[in-house]
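Notes follow once the structure below has been shown.
Lettered A, B, C and D in written order, each chain numbered from 1.
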Amino acid sequence: MLDFEVFVQQLITGLSNGMIIALIAIGYTMVYGIIELINFAHGDVFMLGAFLALTLLGLLGMESWGPWGQAGGVATMLAASALFCGGLNWSLDRLAYRSLRRSSKLALLVSAIGCSFICVNLGLFWGGLPMEVFGGGMAAAAPKDFPALIPQTNLLGDSFIRITPADLLVVAITVPLMVGLTVMVKRTRLGRAMRAVAQDGVAAALMGIPVDRVIGATFFIGGALGGFASVVYALYNNTIGFQMGTRAGLDAFTAAVLGGIGSLPGAVLGGLTIGCVRSMSDQYLETRWTNTIVFGILVLILIFRPSGLLGAARREKV
Amino acid sequence: MKAMECHGVWVQFGGLIAVQDVSFAVNPGEIFAVIGPNGAGKTTLFNAVTGIYPPTKGRVELHGDEQVEPVTPRVVATIAIVGALVGALAVGAVHIQSLWQSWIIDHYKYAQPFPWAEATAALARAIAGLGWFGGVLPLVVGGAIGGGAAWKHFSRARRASDHIARTGVARTFQNIRLFNELSLAQNVLVGMDARMRTGFVSALLRLPRFHAERRAFHAEAQELLDFVGLAGRADEAAGSLPYGLRRRLEIARALGSRPTLLLLDEPAAGMNPTEVGGLMALIRRVRDRGVTVVLIEHHMKLVMGVSDRIHVLQHGRTIAEGTPDAIRSDRRCIEAYLGSEEHG
Amino acid sequence: MTMHRSLELSFVSLALALGAVAWAAPEGGTLKIVSSLPRTGSANAQTTTIVNGIKLAIDEVGGKVGEWTIQYQDMDDASPQRGNWDPAVEAQNANSASRDDEVVAYIGTFNSGAAKVAIPILNRAGLVMVSPANTYPGLTKPGQGEANEPMVYRPSGKINYFRVVPTDDLQGVQAANWAKDLGVKRVFVLHDRELYGKGIADVFKKQAEKVGIEVVGFEGIDTKAPNYRALVTKLKATTPDLVYFGGTTQSNAGQVAKDLRSGGYEGKYMVPDGCFEQAFIEAAGADNLNDNTFVTFGGLPPEKLTGRGAEFCSAYRTKYSADPEAYAAYGYECGRVVLQAIARATSKDRKGILEAISTTKDFDGVLGRWSFDANGDTSSQLMSGQTVHDGKFEFVKVLGQ
Amino acid sequence: MRWRPGPIVILLGLAALVPVLDLLLPAAFALSEAVRTVFLYAILALGLNVVTGYAGLLNLGIAAFMAVGAYAFGILTCEIYPFQFGFWSALALTLPIGAAAGVILGAPTLGLRGDYLAIVTMGFGEIVQDVLKNLDSITKGMQGINPLPAPALGGEQWTADDERKWFYLLFVLLALTVLAVRNLERSRLGRAWFSIREDELASRAMGIRAERAKLVAFATGAALAAFAGGLSASLLSSTGEPNNYDFQASILALCIVIVGGIGSIAGVLVGALVMVGLNSIVLVKATAWMAAQGIGSQGNVLLSPNNWKFLIFGLALVIAVRVKPDGLLPPRLEGTRR
């Protein structure tokens, strides 16, 4: 293999990983944009989405379906996880966050941290279900194998550079979602309402926008994206576990900040950047320093661009 | 010397020009008003003067000086030191394990005395032996990043509002910005901070000098609250103060720094006629303390009643300047502003 | 029965609290065994099997040794907000065990780092500690770890710490030798940067170099990463024919296996006993492991056991309706060593039981016949090699023969 | 004016009585050891309170400074390094070392807006762990550094067994920390922090040097966290492993501050008692009791009490802020007592 091939391969890996990060990051950035909350539970909602997908897969016996059946199965899982995560995120807002709108931002943050712990525990229980896909429930905490419905064979035959159906799946699901979301926020009534609430909740309420409903919708959409991401993640990595949400959340939030929090294209750019930095650092430096390098680059970028790559510098009204 | 001078000031946000080529001068000891319809760029002008954002073009001079922190040798030295430190950190970060090896691991045998001199000499040799690629390159790169960041930081802070405030310019805000969770006395004490001298250690250990300074400033804060008519409420929370009195507290807070120039941004907004009368008296008394007052106001009775001179803006441009009487009779002003205000 | 006991106990406590009885004589006839393992969070899967093993050992003797009733307490050394072992909690466990005069044996810990906190505390209290899982050599063996190890763990000058598992230095060596036998020429060594995984990988690397296998790479992974595709690309470019991973199921051995296969690596994969559990096969997906994955383990796998071991396996299956795994066997062995020592001890107190455990000789255990050596290590050097076939571990050979 | 004890004095007074209480309770219910952990976390959380409560800077990486303190203490004292300072001098050194670490992180990043800073501090927490793990020739990697000395007072060397001495040492250090933080709070500096927290722009316009005040807050918080780290390392006689100072530890400190009452010293003390108490007293004793009663089964995931700990902890957080959004003991109006 050539050095060039290695580089291209790492780029592909980085972009695929980056897109998954970006999809989760959008959920963060939307919620942050509208109520300035770092929704710590988002990563864990995402994790529960993956558990739902695995449960469905086991219950319906998707592994034995034919290729077309499996494609339908993937679509089912996507829809179910998106609805489930959206609904869960919405209920978190309804039950744990809404009553704290007027309290300090930090109380809200602690509530989100609490929700995150609760979701982690639900994941643990879920992993202990007496189902075959969960190992019969004997080892609730163990990582779970997610069957490879989408094969990881190389579409380029024997070449060193590998592009697998799983890579294509990531692109095929994330890109339309991102485009659709951007259009929605820019063009639709709901999108305009969301932007209005994000700018000034009180003014929006005075203009007759049902603020709580709009915030709820934002949580739902953010959660649904997390749900899509969870299925993509599970099909791409083929392992899920009850603690995977923490790391995914951390990466995604870093991506959101790197890109400029509140900005949808920023979250995507941030996610792709982090994905690529990770794989390049794995290749050309040592894996054990990868995290340090990611955060080091984050700090460097923020020193010179304090609002992130695409974030608008916010001017305070005086 | 003028108390404040604007020379051809422009302020631009993206495509929007908020202030366009405005020039005026304020004499020491006078009450100077800037008026104009909403959106004329008055507050923006204030913000440019007090360093909240820099003017896009032009100069603002306070007491005959541009109030930009100069690039002194000390600043250069600080930037150089920061650069050098970051460079050294970078070198250390890259080589920390090998340096530690030659300093400690090679010389320390468990439970035996450590040969400090020998080990340190070995460390020095190891540092000297890093060479161009291992030693100088990280030093230069780290130094450039550190120095660059320090310069960036300095240039951002050169004309920052805290720096300008410390040169004797105080202000109030159009949408009152008090510290609502602090008491009245503490709000004023925040205003006095620039004059305080206790440092971290004397505050931590409550050295005698801390107590002396505290007594003096607390007394002065009381006196300032008396001066603006808030006597006896020193320990209330600022947030619980009625609206009309908040302006007064803001003025007391601004006076805390013993400014020579006080900028009042719509001090009479939302006041009833009685309160306005009291405010006019207060503004005159502030001037009598030797403070030059510049105010932005819509309330014509107040402006005409207290101002020595008036500057009129419209759409970010100057349209007139003069004494209240002159402005009252200026046709352009009446058309642009006074007319609509008095008859509409 | 236990309910009755503890009622009685709390009664006594209450009496003590009220000051009615200033110094009650220790309640005759009860001895406590405690274990301190991370029961909250990701290690729960492994520690559950350890606790199962201990309970099985106690149940087998009917909860009694002679006239003495054995009480068992399962302590958690993890805290929820950490989700992993917590040094403060471990110290707290060790201290409360030392304070409780009825406690005569302390089984634990799971993590060698936790052992470093607990051993000195228990040592001062003269309380014996038997570990089912610590493999860091420095805890017992002079010259293997830091210069001050293992003396620092013995402030009283006496040995109170024993372990039934072979240490990293044995397993790593055996694994490298086996790799040589398998015809490996180039190996890429990965580890999880944990005490256990890094320790064993270091030994493996050293031994591999010694026996003439070229080590083409040595990297510590980030155990929380979602996948290792980038690393696999880098690894593949060095064309190894074996990848050794020092780590456990929890530190992502399964994900590494998956990414190796999906990244197009077709060589062998070898892991230590931290992965010798069905959960590893489940996490990795059997297809990714079948027939070219190799697992080392200290002792013999359940189905190869005869005598005691065979009895253990069938008893475990009956009781928990699951196959016993590596840690279940280690936990069971700990429990039995302690119980047998209690039986042999001349005086049924800490001193007597510590004495009895340190003189454990020719113990007929599920891991073979072994004794504790002068450092407190098991004399058993028996190691076995497994491979994965058809989604199940399959015994290959006894290593070192 | 008659002096009446405030909540801080009452809390500390009650804490001082715990060892006496222990004499009356049976050994299995001894509290003083768990209360020691409360003290340590209280010091850590007081440090975080300076940063987040007073200056309003959300710091999600306070545990990293704790790690810096613990490892600095370890390297300075342990016999496997040549430095071999004693307990007291090494403990004193953790303060400037922690402050320096705070400045190194703070100086480049204090210009950032709230949540950007939060993510940078969180990243710093990850970096510190990685560095401690990876530089294993210096930090001993995952092994931790041990043994670490206990204090010697009056020529007498303590051991970890001197429980009561340890208890009162930590108690006195906590009281001193409280005093120091209170002195800072009620000084020019504390006022500057509050004003920045409430309205940075206005306080700058009043001549407050916001950057400098924030940096001092950051350094003070880091120094206190490092101090707590050094103490906890000495108490355990080991630095533990780098993972012990991870994001979760920072989160616990943050929860202590917010559940207790952000910006209030008494609140932080109560918060530490409640959160650490829940964690290492209530949950521990409850599971031990349940296990003793034979409740729980390993076969069913729902029946094992250990499997509920995350849920209980999380619910406690959600309910606590729901019932008391400003914390259990929110600060009274600053300065009403002057």
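Heads up, the rule we're going with is that a residue touches a chain if its C-beta (ideal position, glycine included) is under 8 Å from a C-beta of that chain, and two chains touch if they have at least 3 such contacts.
All values reported here derive from a predicted model rather than from experimental measurement.
Comparing per-chain C-alpha centres with the mean over every protein C-alpha atom, the closest match is chain D.
Inter-chain centre distance (chain A to chain D, centres taken as mean C-alpha positions): 32 Å.
With each centre defined as the average position of its C-alpha atoms, the distance from chain A to chain C rounds to 36 Å. The distance from the centre of chain B to the centre of chain C, with each centre set as the mean of the Cα atoms, comes to 63 Å.
Residue numbers of chain D whose C-beta contacts span two or more other chains: 79-80, 108, 111, 133-134, 201, 251, 255, 299, 307, 309-310, 313.
Listed for chain A are residues 117, 120, 138, 140, 246, 288, 291, 303, 318, each touching two or more other chains. In chain C, 44, 48, 80-81, 83, 147-148, 193, 220 are the positions where the chain touches two or more neighbouring chains simultaneously.
Viewed as a network of touching protein chains, the structure reduces to a complete graph with every chain in contact with every other. On chain B, the positions that touch chain D within their shared complex are 50, 52, 89, 96-97, 100-101, 104-105, 107-108, 110-111, 114, 116, 119, 149, 153, 156-157, 160-162, 165-166, 170-171, 173, 177-183, 185-186, 189-191, 193-194, 196, 198, 200, 203-206, 210, 218, 235, 237, 253-254, 256-257.
Those residues of chain A lying in contact with chain B across their complex are 300, 303-304, 315, 317-318.
The touching residues of chain D, when paired with chain B in their complex, are 79-82, 104, 108, 111, 135, 137-138, 180, 183-184, 187-192, 194-195, 198-199, 201-211, 216, 333-336, 338.
The touching residues of chain C, when paired with chain B in their complex, are 147-148. Here chain B touches chain A in the complex through residues 13, 43, 47, 52-53, 145, 149, 152, 173-175, going by the rule given at the top.
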